[in-house]
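The two complexes that follow have chain A in common; it is paired with chain B in the first and with chain C in the second.
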Partner chain A sequence: MTLTSSDFSATSKDSGKVYLFNLLKENLPRRTQSELNTLTDSTFVFTTNARKKGKVVRTKKQFLTRKERKKLNILKLPKQDWKYDELCEMRELWKQYMRNNLNLYPKIPTWEDPNWTNFNITLAKSEFIGAELTVIRSKNVNQVGMRGTVVLETKATFQIVTPKNELKILVKKPSVFTFTLDDMKFTIFGKYAIIRPSERSIKKIKTLLLPDL
Partner chain B sequence: MNQMIIKKCVGKDVFERMNYLLQLSNLALRQPGKDAASSLYSHLLVNVSQKAVQRMEPEVKRSICKRCHTLMIPGINSQIRIRKKRLRWKCNKCSNSKLFKTDPSHKLWIDNKEAIVETLRY
Partner chain C sequence: MLSPEIWNFKAPDSLVKVEKGNIVNNNCFNTIQKLHHNHLVSVVLPDTLRVPQNICETLKNDCEYYKISNVGLDELVNINFINAFVRKGIFISLSINERIDCDDCMCITPNGFLLLSLTKETYESLGLEGTPSHYYNTKQRYVVSINLLSNHFKPGKKNYDRTKDRLLTLKKMTLLINWEPPHLDICPSSVAKYFDDLKFDVQVCLPDFQMRTNYTIKVPNFTMDNIHEFVEWLGMFSLESDLGGGGESYLSTYETPQPYQEYGQVKFLQWRGFFSSQQINKLLEVLISHLKDEEKPWISLYVQGFSDVVVGWDLQEHHYYTNGDNGYVIVLNSEDYMVYQHMCSKKSYK
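This part shows the complex of A and B:
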């Protein structure tokens, strides 16, 4: 590994050299510091700190597998012991976050606005944990009219806690959801929301004016 | 004018989302019997940060366990001790521990003056 200081000096001769010298002085280990004095205009060779070829250092594995997560009880939510009243703080936080994120004030955008699509994309990329969802249409008849706070979102489901203190798992695909924020009403077509929540914030979203059901 | 500022700050919505998830995780940890939920939220936080390539501040990053992605708060679900002249954070969930330097001359890059190039306010 060689580093030629004359490359840097083309534009600003002295300041580049001083910067390089300081950078090396800060970052090199102590035993190589004495070699710094031999730094001249031409080259400086890092030899003492170089690793020998052919030796691969193995790092210890850090992340947990799915099985291990299950063993530690952090893969799924518990089914019992949910209280609807305890989640009110979460709902308040969500409202604050949404108002901030959508930049609602001082004015609420309408569909004629030039940045209407922008507004929609921001909405689709935001977080739904903490929202108050209602199912308005579903192929599963039992779930129509169900209301509750979202506690977890996965690729295919919303998990909500109803006012009767039950954890319910709603499948996204055959359902249509609504939620309200202040005096605005939003509708989510579950069919178009099938995506992992972590990937949602970077995914490019197509705007469909007429959703097919 | 308002539109200009939003365009300038790249990844604002991602940062808002990450901030909200951190708050949620903190909130859930302080309520009894919700440590699984808290862990899931902070796991989502790490995933969002990795997918969108928007980094967390070192202080925040260090407070999340590297192994099981649980938010660690000393006294509630983690342990901080000084052993062998090093600071040791231990996660009570997966019993993974991290070691930090106690050298006072050791400085993070973000504390340098050169690190801050521009501050945006919006």
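This part shows the complex of A and C:
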């Protein structure tokens, strides 16, 4: 068997294929050679060269990286120049928001009612920025009795502005917080509120939790 | 485990300290100064026909203490109160009807410390700095100590304001107070008047005095060798136990240790109340002078502290493990004295 001229004019990609066919024709038994024609359309992985990776072109980013944000001091709130009185509007807005949130329930359920769990989940999934929180119990005893409006919530902390116009960073884990809305008083165990606020709406919340520090 | 081997448990630790000395060197008052909140005092006078009036009167006159119901502890850090009573004279106080092992207790020591022994929950919601109790490894109890006599502890200071503010949230307690004025011309009841003016329910409590005479009693001779047996006999006698000894009885019986002497009359005096260590001191002085005048073989004095007070011996922390007893027996001879102290176990909970 000799190679035709057309075979040589083929691209380097095809030359590998022609070589392979010749090799098969020489070595395979004669009765299977007729089946070789069925393979002409198929491609062989090892005859083709792997495609070279093209250069990754960076697209212009739409956001600041964490490093940049840290450099620009965006991650931290300023310590000074807070006005507790000016946050009054924010507190009112939050109260309005919370009332709307709880208005879904015709009346406030007690623990015996069937919608007690749902009510608690609604509460646990709501936003706390703007709430007036008080620490009623804490392992860090110096923080007990601290009161202020929440201005930033992170995964592990509440950052509040106290009536003395100071910014305080309260760690959630060792403390118990309370807030009042109209004639209702709510208690939050910080231990069970360690969730990033953005993830809170989709987080599954357990119904049975131990109320102890 | 069907039947736990209860007979195999070790007996609870008891700490007993015996001290001997000479009266002239005057060391026996040291022990008294170490226990500040005293509940029960009893005196045994062997071979006595008439008890001198001054012994009975020592712990009766000017030994009234006051019971104040439902006091908020913020009243005790009031600067007027501190200046008038805690700074001058000797003021001691303790909470009653609170158990040291499961409730919140307070006491004020003569050196002007307000001590609070709090459960974990109360400590965490009170918000005053304290230290974990020595006896609980699991940090279930905390001790908060406030120095009332500190120069910085006055209105306007941050610490004072916060302490007062936070003590307001603590639940109200019933207290016993005992105040010894700095001068004789000041009436000890002024402290009661102070609280009465603040519209608190103040009750005067008089020490409960009992006297008993036992006739023809076998009394063991007091020597320094048989101290444990002698103290045991004193205890049996004070509790009016059967000292006769049955001999043939199947039940276990007690017999007066040898050698003994028989006296016609043995007097037993007992006071129950709230005494400061100064008042006990006075009683001991009277007893020593009585011993010198009348030449008695010996005189014994037994003092027991409160079991639910925050501090025990020497202002160290106190607790209730198997018992909460702190006390001492002083036996006086014409020349020597013996102090037999028993203390609460210092074992910590596991």
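By our rule, the second predicted complex is superposed on the first by the 145 of 213 C-alpha atoms of A that agree within 3 Å, B and C clash if a C-alpha of one lies under 4 Å from a C-alpha of the other, contacts with A are read in each partner's own complex, and residues count from 1 in each chain.
Here is the rule we go by: contacts are C-beta pairs under 8 Å (C-beta built on N, C-alpha and C of every residue); 3 or more make two chains touch, one makes a residue touch a chain.
Because the structure is predicted, anything quoted here is derived from the model rather than measured.
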item: First, second, both or neither for A:Ser198, with chain B first and chain C second; value: first
item: Partner touching more residues of chain A, whether chain B or chain C; value: B
item: Which of chain B and chain C A:Gln62 touches, first, second, both or neither; value: first
item: Which superposed partner A:Asn100 touches (first chain B, second chain C, both, neither); value: first
item: Chain C partner contacts - residues on chain A that touch it in the complex; value: 136-139, 141-145, 213
item: Residues of chain B that touch chain A when the two form their complex; value: 2-3, 6, 13-14, 16-17, 19-21, 23-24, 27-28, 31, 33, 35-37, 39-41, 43-44, 47-48, 50-52, 66-68, 70, 93-94
item: Partner chain A, residues of chain C touching it in the complex; value: 121, 123-130, 162, 165-166
item: Complex contact set, residues of chain A against chain B; value: 62-64, 69, 72-74, 76-78, 81, 86, 89-90, 93-94, 97, 100-101, 103, 115, 122, 125-127, 129-130, 151-152, 197-199, 201-202
